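What follows is chain A paired twice: with chain B in the first complex and chain C in the second.
== the complex of A and B ==
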């Protein structure tokens, strides 16, 4: 009976995994085909099973001769990294304060932060543009990046995590002479790596996938992040076809796959911890 | 403590660097003319505008220089339109910017774009094709100068047609002949009947008689449906909205519109429908459809399908006797801000003319394949290449652009009108495979009610 149950479990899990993997395999394989082959194979098993005689680097050669996708990938890596570093610092400190300190209106502030979580970015994009415009920061990287350093969802996640952090450890650190910030930096942060990685990856993905705000905030093409570049490439109906799109998507997806592969353990651990409290 | 200080200093350095990486900030509008386009700088369309502007600046060093800013759009225009609307709200509009043809009326109504007609050089407006002028005209005044046009034709797969019996082949008109939807439906039915029993290799991958791109509409790109199929209504003497841009009752559900839509519904009739809202991707390109309602951009895409032999026919009329304009047309156009002072206006207009004149039209075709919006530039399309299929396609499209193209309706509520017509009429008919006149009339009546409710806010008094 146990064997049957395990078999059913693995078959079901494999089928679910396939559902997620097949589109990605199709994307990657299609990036190595020409358009006529992509659509010849689309409703056959060869959409996801390679026939090596059909594979070519033509779409990559043509795409990279027209668009400097790697520059956009590099831009996004830099923007996402800066946002992650600044975001982790600011949001974890805010979350720590809300979890450990006692100050007036703490609950009201927490309630306000939770309420802000339901406001979609589309609802605030216009006021945000007006504020950044008034500050004279449109078309600057500061205007593009700084508004997204603070993230109420991440503050809430950190606050939930720090609530379950053993207070005795912090007290012991203070007895040993550490300041409030010192005990946060030397005791709390090293013990919360999975949480930081989880929030870091969520922040990274948010920055990586952002399209609307970079379009609003910056216009210089050499500063464009990858999602804006993708839309630009896709809007080129003159020289860009399906195989080029698949090549661009493959290039853009690879860093995310690597990120998940490297931090997989922490992501699961962090997600579980964040949900405990 | 030193460590904390170092972290603080590092943070300050990063922020300073970020603040320093300025893209130039606001332009001094006294010294420059700012142009916004929806084409990204790296695309062929973006580069053609950049080249054109660079040439202007080079030839006019003594005049205020033109600065072009490329704002990426996604899909129908979001991203670019969001940024444009935000800039309008912030009072930071560019002097000149691009708009999709059907959106012009809404911006006129909002008072954010200014008329250009009276300020153009003598005869300049006459150089545009009729449909491009129609597209840019609101309440009898010219606001938008189109820089490119578009075209939709019917194509057929030559290998498939060659496999047909002679009596069916004889039903195909010549590329320089008008024909009707009745003829197209009859031809499609004959092809489908033949395909049902044929073992001919040309029909090996056959899936559907007519590719209609309704898959776009099903996936939310509603404008494709309106763009492709409003001509059925036009060429039956009706429209989807009255000339005032707001009245749909008695127009969208008129007997002529019902008749046209009932004919369109025949594509989805019977046990073997001739078309489908879920047709395979690139059905015509990959030999799965014998006929195709085809946008001009397909011709370029066919370079990736070397085995495809495509032939081109004119877009059919609904009523053979109809002699007005009726084929799909239109694209993006340049407009100007309404807030330009009298002293700057002449140069702004000069730049708009520079961006849309005959020479620009020719350059845009050569660099981006944009169909010229100017009558004198249409001959830039070389129809004597060594590719006979290409030549035929462009000859037919040239003819339509010059003689048959009609602009989409001018209405402040066009986006809603277009979406409702495509989704609640065209797609509904296709998905429900409704073919009887009474049901189709009820779909049109429902659409009229929805649009009327939405348009109430535009109707004054």
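== the complex of A and C ==
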């Protein structure tokens, strides 16, 4: 009976796994083929099972000769990193102030932050565009990046985190002559690394995956982040083959696979932490 | 009243907060104010000088705009389908892999794997897979003896296709969150129920589901709000077509506000849409709380 149960589990779980894996396996495998081979194989098992004599880097060479995809990947890596560094600094300092200090209007500011948390940012994307437009910052990196440095949800998460930080440690640091910022930077940040990594990774993914805002804020192709560039390549149907497109998708997905492989624990934790606020 | 504060502490606190508050005001509060302000005008972006106050005309227009009505119902259709589908898939997957057997880690990773794909990658990949002429999915359907389908090229199928793809791509991530919730349920509760002679169905109904309630509420709210903001998939896959059958509210805002520069009218839509989303999330929270009482 136990063996039968187990067999049913493995068969069912494997069949379900196929539905999640086949599209991605086909994407990666097809990026190493030429179109005639992709469509010769499409009604056979070889659509998702590699035969080594079919594999080639031709689609990658052709794609990269037509589009500077690596430039867009590099753009996105830079944009996401800048957003992470600036975001972590700004939001953690604000969260720290709300958790640790006593000052006038503290509760009002906290309520203000919580009220902003329910504003759906995408819904106000048009007036946000107008603000950046009126500041003359459309098609500039400042106009694209700065509006998303502040994240009220992250301010709140940092505040919750710092509330439970032992105050004696900070007092001791101040006795040793550190300033408030000094004790924040030398004592609080180093002992909150997991928190910073979690928020940082989620910020990085959010920036890397963003599409609507860069479509509106960036129209110069050499400044385009990678998601917008992908969509532009996809629209060039007259010169793009399936194999080129799959090569582009694979290139763009590779950094994220690495990121997940290294940080999976933090990513899940962050999603859960945001849920138990 | 300021005597109870330490002067240096107040200065430090505001120094730490200043940049965050400035940016939050500039890029969240000011846009909201602008949207409200412009929503009472006939502002057209290329002619800022000719902006005139026109009262609530824009708001009235929302209710007579046939295309907006259609995008609203398209969006509602997406939400009503995708939220139960995606969450039940996520819960189902979590229940399948919530056991200690060899190889279960592989299945978890497999179900979770679409999380590494961005929405743009998912949209392009699936548009290729669903190509009615030579796509992989129709080849599989034909191999199973089924007839090929038009999918994204058919007004009656396109939105449902986007629903299924979205659930496919999102359920693995939520499975992980359900798994965390499942591991928080005490095993002693199950053991006690077993002693009382409860079968698996009753255990699921009386222990598992109530134990998952807080996490389910969180997932229902976030998924619903996220679903109302659907835009990337139709933008990349269908451009809102065929026959506007997949155009969503946010896409309408993008098309007519950003591309056609119809700022006044779309500002009114922005205001209504923002209030609507806030009301929806408050309502769902209420619903869950009342059920508890």
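Points worth noting:
The rule we apply is simple: the second predicted complex is superposed on the first by the 213 of 277 C-alpha atoms of A that agree within 3 Å, B and C clash if a C-alpha of one lies under 4 Å from a C-alpha of the other, contacts with A are read in each partner's own complex, and residues count from 1 in each chain.
We take it that contacts are C-beta pairs under 8 Å (C-beta built on N, C-alpha and C of every residue); 3 or more make two chains touch, one makes a residue touch a chain.
Just so we're clear, the structure is a prediction, and the values are computed from it rather than from any experiment.
Contact with neither chain B nor chain C is seen for A:63 once the two complexes are overlaid on the shared chain.
Contact with both chain B and chain C is seen for A:125 once the two complexes are overlaid on the shared chain.
Here chain B and chain C are compared by how many residues of chain A each touches, and C touches more. Of the two partner chains, chain B is the only one touched by A:82; chain C is not. By the touch criterion stated above, A:139 is placed in contact with chain B alone, chain C being left untouched. When both complexes are overlaid on chain A, the residue A:39 reaches chain B and chain C alike.
By the touch criterion stated above, A:211 is placed in contact with chain B and with chain C alike.
When the two structures are aligned on the shared chain, A:16 is found in touch with chain C, with no touch to chain B. When the shared chain is aligned, chain C comes close enough to touch A:6, but chain B does not.
Once the two complexes are overlaid on the shared chain, A:221 sits against chain B while remaining clear of chain C. Residues 39, 42-43, 125-126, 129-130, 133, 146, 181, 211-212, 216, 231, 234, 242 of chain A lie in contact with chain B in one complex and with chain C in the other. Residues of chain A touching chain B in their complex: 34-36, 39-40, 42-43, 66-68, 82, 86, 89, 125-126, 129-130, 133-134, 136-142, 145-146, 181, 211-212, 215-216, 218-221, 223-224, 228-229, 231-239, 241-243.
By the touch criterion stated above, chain C contacts chain A in their complex at residues 1-2, 4-6, 9-10, 12-14, 16-17, 19-21, 23-24, 26-32, 34-35, 38, 45, 93, 96-97, 99, 101, 103, 106-107, 110-111, 113-121, 124-129, 134, 136, 139, 142-143, 168, 172-173, 176-177, 180, 214-215, 218-219, 222, 225, 229, 231-232, 235-236, 250, 253-254, 257-258, 263, 266-267, 270, 273-274, 277-278, 281. Chain A contributes residues 6, 9-10, 12-14, 16-17, 19-24, 26-27, 39, 42-43, 47, 90-91, 93-94, 96-98, 101-104, 106, 109, 112-113, 116, 118-131, 133, 146-150, 152, 155, 180-181, 184, 208-209, 211-212, 216, 227, 230-231, 234, 242, 245-246, 249, 252-253, 256-257, 260, 268, 271-272, 275-276 to its touches with chain C in the complex. By the touch rule above, chain B contacts chain A in their complex via residues 4, 11, 14-15, 18-19, 21-26, 39-46, 69-74, 78-80, 82-83, 85-86, 89-90, 92, 280-282, 285-286, 297, 300-301, 304-308, 368-369.
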